[in-house]
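You will see two complexes here that share chain A, one where it goes with chain B and one where it goes with chain C.
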Partner chain A sequence: MTQLVPHIFNGLTLGLLFALIALGFMLIVGVMEVINLAHGSLFALGAYFALTIIGVDPIADTGLGQWWLSLPLVSRYVVALFVAPVVTGLIGMLLELCLRRTYGRAPLYGLLLTFGAGIVIEETIRLTWGTGEQNLTIPDAINGATFFIGSIFSKYKFFAAGFSILAIIGVWLFLEKTPYGAIIKAGAHDSEMVRALGYDLSKLRLLVFGFGASLAGLAGIVMVPIWGLRPHVGIDVVIPAFLIIALGGVGSFGGAVIAAILVGLTVGITGAYASAWSMMSMYILLIIVLGFRSRGLFGRASALEN
Partner chain B sequence: MSINKINRRTLLTTGAAAGGVTTFFGPWKYNRVLAAGHTKPIKIGLTSDASGQYANSGASDRRGMLMAIAEYNEKGGVLGRMIETTHIDTETTPATGSRVAERMISREEVGFMIGAVSSGVANAISQVAQKYGVIYLNTNSSSPTESGENCHRVKFVWDGNGSNFAQAAVKNAITAYGDKWMLLTNDYGWGHDTAAATRKLLDQYGGTVVDEILVPQGTRDFSSALLQIQQAGPDVVAAAVGGDDQKSMRQQVAQLGMGSSPAWINNQQDWPDVYGLPIENLFGVFGTTWYYKLDLPGVADFVAKYQAMYPDTSMRVPGNVFYNGYMATKNLLAAIERAGTTNNIAVIKELEGHVMSAEDRMQHHDAYIDPVTHQVQQTIYLATANSAPTETDDLFEIVSNTSPDEVQDMGAQASCNLESYDDTPTFDA
Partner chain C sequence: MMTLSNISARSNQWITPNIAIMAVFLFTAPFWLTAVGLYDYIGLEIVIWLIYAMGFNLLFGYTGLHSFGHGAYLGVGAYAFGLFQHEVAVSLWGGLFAAVAAAGIAGLFVGLFLSHRRGLYYALLTIAFGQIFWFSAIKLRGITGGEDGLLNIPRPELNLLVTSIDLNNNVALYYFAAIILFILILFLWRLVHSPFGRILQAIRQNEMRASFAGYEVWRFKLAAFTISAMFAGMAGGLFSMAQQSAYPDVMAVHQSGLIVMMVLIGGGLVSFWGPVFGVILYYVARDILGGITEAWLLWYGLMFVLMVMFRPEGIAGVIHTLNQRFSKRPATQKAQVT
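Right after this comes the complex of A and B.
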């Protein structure tokens, strides 16, 4: 007989990981109304940057490389957790500069550009890091298994879920408690008014896209020790992220987090009783919710629609 | 009113024109006059995946085919004709496989097609191939249905199948680990067929299946399945999970420390799926058809040739997928040479029942192409993680080799019903 409690707990952790995956995507869709199809490739890129930072292959034989490799893994891992997302964010900013020519045109232009950029990034990964499976080493302290509520769980998954909570709180504090967050939210609600008030919308968009890309990279670093690291690992990210945003309501931070947890619980519990339906269950959930609320759980009409 | 008079010249001219048109545009399905010129290259379509779940394996498969073709072209081709290839990505998707096969035959005008890792894709390609009579080599998909209910006169299957591997593993595993089994199955054709073969053998040798967990293709989180396994407490988990799904599964099982208890039997382990994984992820026993460290004549030279041809490939040594792609292509070209013609029916007859020596195959036992199912019957190896590797790539320890007769898939023989030669369109490629 299947014991439900471990599966509920598992679903909850899964939901937190889904939230981490969707955060960057949500920010870019919400503020810029751009569906960033390169999100998955940026996710992978972040993980590959971390791989290089931890292992420093290109300079491993130099004095600096030897010194770096002599540091404990935990130190290199922590540095990678901060530096790799920043570098990914810079790549995201570069992408935003290319994207500017599509603003004000049909959404298809933005979709095509980010889709193409995703392919370019993925192929660059293949050329730079190779096509094979790689392994992002994690510190021993968060590796291995632990016994909890009668079942064996991965310590790393607890770490990843905890890290997701921190990332969610961090992004929430940024959006809700800083003047920059207020401008971003205002930009999402009514960009014309923000421009009329004298804020530089171009700079805002550049920063938001960079921030969203760095969150995608961060999610990649956290997720690949569970999923494995390969150039096309990002393919598995875009659809769940998009689904969570649609379910939670475009532009709603809280909606995205709640939707992610709902998706995690649905997938986790379905996996326990009807495993063949576990992936399908998230789509069924989406259909049900959108059937009753076409804007998603917490979606609101933008000012432009009124 | 005038009556047009048909004279003899008009009649002959019209007749000749009609004959010509009929020859070139006539019943294509039954009589392709594709390569009247015998000096033009033989064109082979490579139908391997370049994206999706089996992208990595597809690339390895393709490298194997290209090495065999390069060897023949260095010798001046086959029957004095050079070999050309064209590749279109089948995307690990059956619908794409059908489209690619149609395009390759009707627009690219290929005479032969080679390549597959996914059984669904292989089945889709082979249906189109049979419609046109184009010989198709399924190099690397290992669903028993490929040489069973989905067999075709034009299709030849080169990999060991789920039933072969299960037969090599199940009986010994019941004795060694216990009779309480759980099945972890990828929810598509290959997974189901392999699980069915395992169930049948468990019934035969006294094992029981306590539960079967179906995991959809594309699953990246196996935590629900692994919780279920913990709760059921089986002696053995028989996993039929492939491609990227399997990599994720291995990663997560290793993280939970569940690799040694329960025991894991992984049906077949494709080399590209494990290359680069940490050794602790290589738990359990698994099947393969070839390993680059087999202590047999020719293996070292074959590895050296691979390394010379592909010096920049991240996979530094060839694996079973490369090997199957190479062997299939090499044997097709040899069959054309023996037949002395590119006529499809003549080549099919050359391949059917053909015996390949152990030495040529670099395996422990002679292999042959079963004329009833068109599957290559070959040595099946069981392997486990190598605890004492001689070099970085030496991941496997081969624990047994089983001769083809001991692991023959009798179920496929019973369910395969090949189309007759007369029902297969004929043409010269």
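Right after this comes the complex of A and C.
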């Protein structure tokens, strides 16, 4: 049992990271009932933007670039952590403008459009940053190893897990405690009424999609030092995100977080016994859960079922 | 919006003009493929993928069930064919039977889990099962050969009554696959216009109404899924002959997404013939665009996005609209044969 403790701990951190990945996906699917299959590509895009912001390769030789590179890595990293998600969010807004033509049609079209957009983004990444695997440099303060409950863990995992918790709380506070959150949720519930009350729903959707995309980008920056950065990292991300939402139930914030931690624990504990099969265990978990509860753990009825 | 019911009305004919045109193109292809700048192998690939796509569209377009993990059954068919050649006997019919049966059993098993689900959850479960097959193919190294796959799969001879034909020649294999495709098209054409096919379309339009009409909807969904998995298995068996190997790549979720893109761009949602346009366009685009630029998938993806935005009824839908505009016949007659 004591050997299992580090695996459970690993699973918990993994679960928190999964929750971070699923956050933006959940926001878009919960509020707009669009399954954003470009989520993974936006995730990768955020990380690549951060790569460019930290290293400023295109203008590294100019005076401005030299000045920027002379700054300590920590400050460049923090700037990237804020700027890259914003840029990713802008790309997300562009995608939302394209998506408008699919509103009012079957949910399949939104899903297909974002699938195509994901391919386009991925190929653009290949053209811009090359196909090889790259490294996102991280500050020394969060690099290296540390001892915890008798085993070695990387400091970065603690940072990433803590960051996930902050992001989850932040999004939750935004949705539950601010008037914007109330309008967004009302828009998901009864869009006609929200429009009748004088709120600009199309602007709202634009902002929600942008916000969801920037969360994807943020997750990308935090995750790639662990998972590695390659153009097709997106597909490894979007499927777990999709799976977590279905497991937790569409439209349930708490459900998604619990499902993410459940998936993390499943993968972590399977990893202890059969490491080769650890990633597969989450699919089996999904099949078992959906076998008994067709709407996931905490799901409510949704237009996506039709 | 245009749907399948707009175009294909009930047809009692065995051979329609479109089937005849298809047959002419199919069986003359080796004579003009090189003349238009293509090659024999691409014809073979297109025919194999057509078997896969036509079967897939029974599920996707006709029944309205969105499977995003269909590559799994193609892969199962390919492995079953290869394993049969390696472990049992070098036999064409035995191998193809094994491919179809294995994919059918896999499809039946998965379909049992799926058939009570709808919409998003249906799509998601197909992905989950597809991933399980894909992972298993990579990890069960002893059976499947891992990431490299099964190599050196022979192309067995085709034994007819008096003579035997060597299928190592790509043109010979092309004709063999084309004949299978043609038979399967006739079968599908009858199937979608049979009462069974009409019920599948009723399920697509409104599943609840179909169940209120007294049909046990899940049985029909299960049957559609199994049949389309068997088509994928046949395509997989032929594909492992064409490639002389079977590998996990075809089972990845990316590949399963590509078949959805092909069918949708072609117009599978509105026409029986949609997958034909889609598959041909994909392979020709891959070869022509791929010859010009390495990032051909970028342009294909862009075209797909524009298609979903502006012409979700696909190429077949555009052709239908043009036909309607240029012919002066009343709409009821036009709907007869498509």
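Observations
Throughout what follows, the second predicted complex is superposed on the first by the 298 of 306 C-alpha atoms of A that agree within 3 Å, B and C clash if a C-alpha of one lies under 4 Å from a C-alpha of the other, contacts with A are read in each partner's own complex, and residues count from 1 in each chain.
One rule holds in what follows: contacts are C-beta pairs under 8 Å (C-beta built on N, C-alpha and C of every residue); 3 or more make two chains touch, one makes a residue touch a chain.
Owing to the predicted nature of the structure, the values given are computational and were not obtained by experimental measurement.
Following the overlay on chain A, a clash is recorded for the pair chain B and chain C. Once chain A of one complex is fitted onto chain A of the other, the partner contacts of A:Glu123 are limited to chain C, with no touch recorded for chain B. In the superposition on chain A, A:Ile35 makes contact with chain C only, while chain B stays out of contact range. Of the two partner chains, chain B is the only one touched by A:Gln134; chain C is not. When the two structures are aligned on the shared chain, A:Met279 is found in touch with chain B and with chain C. Legend: residue contacts after superposition of the two complexes on their common chain; A:Gly268 is shown touching chain B, with no touch to chain C.
In the superposed model, A:Leu290 lies in contact with chain C only, and not with chain B. By the touch criterion defined above, A:Ala246 lies against chain C but remains apart from chain B after alignment on the C-alpha atoms of chain A. Judged by the touch definition given at the top, the superposed model places A:Trp67 against neither chain B nor chain C. In the superposition on chain A, the residues of chain A contacted by chain B and by chain C overlap at 276, 279-280.
For chain C in complex with chain A, the residues that touch the partner chain are 1, 66, 113, 116-121, 123-125, 127-129, 131-132, 135-136, 139, 253-254, 257, 260-261, 264, 295, 297-298, 300-302, 304-305, 308-310, 312.
Remark: chain B residues 51, 55-56, 59, 187, 213-216, 218-221, 223-225, 227-228, 230-231, 244, 247-248, 251-252, 255-258, 272-278, 314-315 touch chain A in the complex. Remark: chain A residues 35, 98, 101-102, 105, 107-109, 111-113, 115-117, 119-120, 123-124, 126-127, 235, 239, 242-243, 246, 250, 276-277, 279-280, 283-284, 286-287, 290-291, 294-295, 302, 304-306 touch chain C in the complex. The residues of chain A lying in touch with chain B in their complex are 1-3, 6-7, 10, 13-14, 17, 130-135, 143-145, 151-157, 225-228, 230, 232, 236, 267-268, 271-272, 275-276, 278-280.
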